[in-house]
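In what comes next, subunit A is part of two complexes: it sits with subunit B in the first one and with subunit C in the second one.
Showing the complex of A and B:
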């Protein structure tokens, strides 16, 4: 198992730092899968984490100038690590102005992801700082837990309103309730709703647009009759989980999509150039 | 006592007080005729001491009554409150007048602000003895001087939660690493290491290749002061266990911070500290990929965290060399001798060191008595 990557471009470094920052806001630990072409940050929906799942995909070529890796074997050319994104973020943040940054898998007192950076100085010699972030190597027999989640068979898919607006709304609602109902239909409408004994608050969004998912059978066509455009699908979720997602995100996505499987799961997707982030929040009864 | 500070010096005074507040809870004030006004602070475990001495020239008026020695101590929080907002201080305050109100037994701070606004704070105080740490920075073997910016940039690499760093020096380099207590077996801690070459310092004189471990908190405090005043910081130290002295000075003021360092009794630690300078200089440059090979059979579950040696329990009572002469010295001395046997760090040096991770949860918590905890933000387990 070998891995070594080098980032020279400051924009790439910042981009990568922002992605890791976003992930660190969503979860304390997650799996990092390294393949010859991609990096994946994966959180599988365990009961302990409230059933929340995450899948973040990055193309290595868009970040690293040099990228070498050798997986466990030639058939399984992949490395799977359990990491603390917060620590990686901290390491990357302190080297934001570096001339070059190397990220490599090293064997120190324990397996580490070492972030080594060359910092500019006034003198002729560069300053070098290394951060050793301890990681755990995930054995191959557990890899099956970290496969890409299949696209849920959603009832409604809608573009999200500007995330900042949504964050402001959810932040206020969080003071009033622990649960939030997200509703959306196929004519571009979405509502965020809380209901308590004392108050109910609903925010309506309209004309959001609905993404086209190609030849999906369940949405329309197939054996079933087409879904009524105005029929709302809803999911009642833990408001903190949604807030976490909105607070943490720093990717500035070009596309943000929300899929709802009626009373089952809220599936959020952020797309930005080469990065895609999927986040699953299970619906509560 | 009657003194007036004007213009930019008000801010300098305010910074000094904020900087001292990182050390302890009580501010010792001693106006002396010759040397000037001394502001001093010590932390509750007496492992850190800070002193600012403002010469009479710093003030536009400085009158100390002859013959009557006046000394006092007061809560630093109340003095900080006088200079609360540093940003607005610069814009609004034109003059600060400090005088002793003998009738009321109050120390009065009057801030003369713009538009004729007067802000008066009457602070109560307690009489006290002189607080004075005994140290001799000029006898130290290793002396460095650097622009505060260099140290600020260096310290920025260490997370705020990181308490202690180990500093090692060779003829040309200074190495800094965060100090991780191996006894605690905290393998999830992130290790950070960097070096600075001698070129980056204004002055770099090494006579002893030593390695010391000390608390970052107070250094950050002094950096806060030095960064804003732009004064270079000098560092003086010897072997582990003897204090680290950090100083700033110019013609009208002088600041000294004295920090205890981890004692040499932790032999293994010192030896570890010697390794970095011995290692090939540029780890960054010559990286042959094979050197990062992790030979690990992935079919077994990883267990690096469980294999850590938590077996040997070392009895270490840290050596507290920073002698402080004041009325409370006896208390400190006795506390030193009764150090808890099972703790690697004596709390007198670094405050209580508690198990940080869940890895320690299998160990009986009762081992970790806290004798003299540090002044703030220490949570006790029991």
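Showing the complex of A and C:
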């Protein structure tokens, strides 16, 4: 089992740092899967984490200039680690101006992801800063827990409004209530609602547009009658889970999509060039 | 969709309708009196008065004249209601209350009458938020019977100078003592804290003092904890009038300019500390 990668480009380093920062805001620990082509940060929806699940996918070629890995075996050419994204983020943050950063899997007192950065100097002597971030190796038999989640069979898919606006609204609503109802329909409308003894607040977004999912929707349409464009699908979620997602995101996505399985799950997707981040918030009764 | 414009046709059912192009003009001034959750709203054809009270000893009022609103329609001589001010402020800044020029939240405030919620329609950048804040039985605000004929001493200061004084006050002191006198020290703020006493004097011919009117020498103590909330208003204001009447009741009247340069008033009434009578 071997892994070593090298980042030289500052833009790539910043990009990777932002992604790790975003992940660290969403979860304390998660799995990091390394394959020959991709890195995946995975959180499976366990009860302990409030049923929230996350799947973040990055193409290694867009971040690393050099990338070598050897999985546990030639059939399972993959490495699966349990990591604390916050720790990786801290290591990366302190080396943001490095000339180059090497990330490798090492065996010190315990398995570590070692972040070794060569920092710029005025003299000819190199300064190298090394961070050892302890990780746990996830054994092969548990890998099945970290598979890519299947796309839920959602009722409505809608583009999200500007995340900053949405964050402001959700921030205020969080002051007023613990639960939030997200509703959307196929006419590009989305509403955020809270209701308490003191107040009810409803924010209406319109003209958001609905993404086309190609064949998928038509397959659904075959078995059922097509969905009424104005019919709202809704999910009542823990407002803190949604706020965490909005506060933490630093990827400035080019596309942000919200899928709703009526009264079941809220599925949020952020797309930015090669990065995709999926976040699942289970609906509450 | 409950768009701002569409709702105008429903105006008939409301006893009170008020609109503002910039919700900050309301939220800012309400922040100046937001030290307790419960606020009493009193609307008359002259405008809106919002009252917050504490311990029957302190009362803060914010006045927003009808002219500040783009539209202010009231069907009765007096409409009273009580709501949770913290909730209202959260609603008014639902879009973040940004200060970026060019982006402002439009507000339409409607009330159908007794037993109905206070409805706010807020719009920014095409996004509409509807808030229905449940109203409570309005309490009768305390009448401090503070009338100008009983005013013994009056000082008008630029807020700047009082801000400085308040930021340096010894907050370990339980009371703030205000002295207004015909001779030296004219206008004095004193504290008696852990580290000793401190006095803050204003000469009556100071540039910071716009008016000094003193008929009798008066020294009164006020609970620091009661005066502390008034610093919120002080921070927003440009001028402040400090008055005391023959009973020692303190009136602080703040002149606040909103984003559009219009003038609103916030006033605080505070009862003197009992001890003052013993001396």
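Heads up, the rule we're going with is that the second predicted complex is superposed on the first by the 281 of 285 C-alpha atoms of A that agree within 3 Å, B and C clash if a C-alpha of one lies under 4 Å from a C-alpha of the other, contacts with A are read in each partner's own complex, and residues count from 1 in each chain.
One rule holds in what follows: a contact is a pair of C-beta atoms (placed from the backbone, for glycine too) under 8 Å apart; a residue touches a chain by one contact, two chains touch by 3 or more.
Owing to the predicted nature of the structure, the values given are computational and were not obtained by experimental measurement.
K.L.:
Just checking: does A:172 make contact with subunit B only, subunit C only, both, or neither of them? Give me first, second, both or neither.
P.N.:
second
K.L.:
Quick check on the superposed pair: does A:46 touch subunit B, subunit C, both, or neither? Answer first, second, both or neither.
P.N.:
A:46 sits against neither subunit B nor subunit C.
K.L.:
Under the stated touch criterion, which partner chain does A:28 make contact with: subunit B (first), subunit C (second), both, or neither?
P.N.:
neither
K.L.:
Comparing subunit B against subunit C, which has contacts with more of the residues in subunit A?
P.N.:
Looking at subunit A, the partner in contact with more of its residues is B.
K.L.:
Once the shared chain is lined up, is A:147 touching subunit B (first), subunit C (second), both, or neither of them?
P.N.:
Neither partner.
K.L.:
Enumerate the residues of subunit A that count as touching subunit B in its complex and touching subunit C in the other.
P.N.:
none
K.L.:
Quick one: which bits of subunit C touch subunit A in the complex? Just the residue numbers, please.
P.N.:
Of all residues in subunit C, those touching subunit A are 1-2, 84, 86-87, 90-91, 93-96, 117, 124-134.
K.L.:
Given the complex with subunit C, which residues does subunit A contribute to the contact?
P.N.:
Against subunit C, the touching part of subunit A is residues 161, 164-165, 168-169, 171-173, 175-176, 197-207.
K.L.:
Which stretch or stretches of subunit B touch subunit A in the complex?
P.N.:
These residues of subunit B touch subunit A: 153, 156-157, 159, 187-197, 199-200, 282-284, 287, 289-290, 292-296, 298-302, 304-305.
K.L.:
Help me check something: in the complex, which residues belonging to subunit A touch subunit B?
P.N.:
Against subunit B, subunit A makes touches at 1-4, 68, 72, 84, 87, 90-91, 94-95, 102, 104-112, 114, 116, 118-119, 121-134, 136-141.
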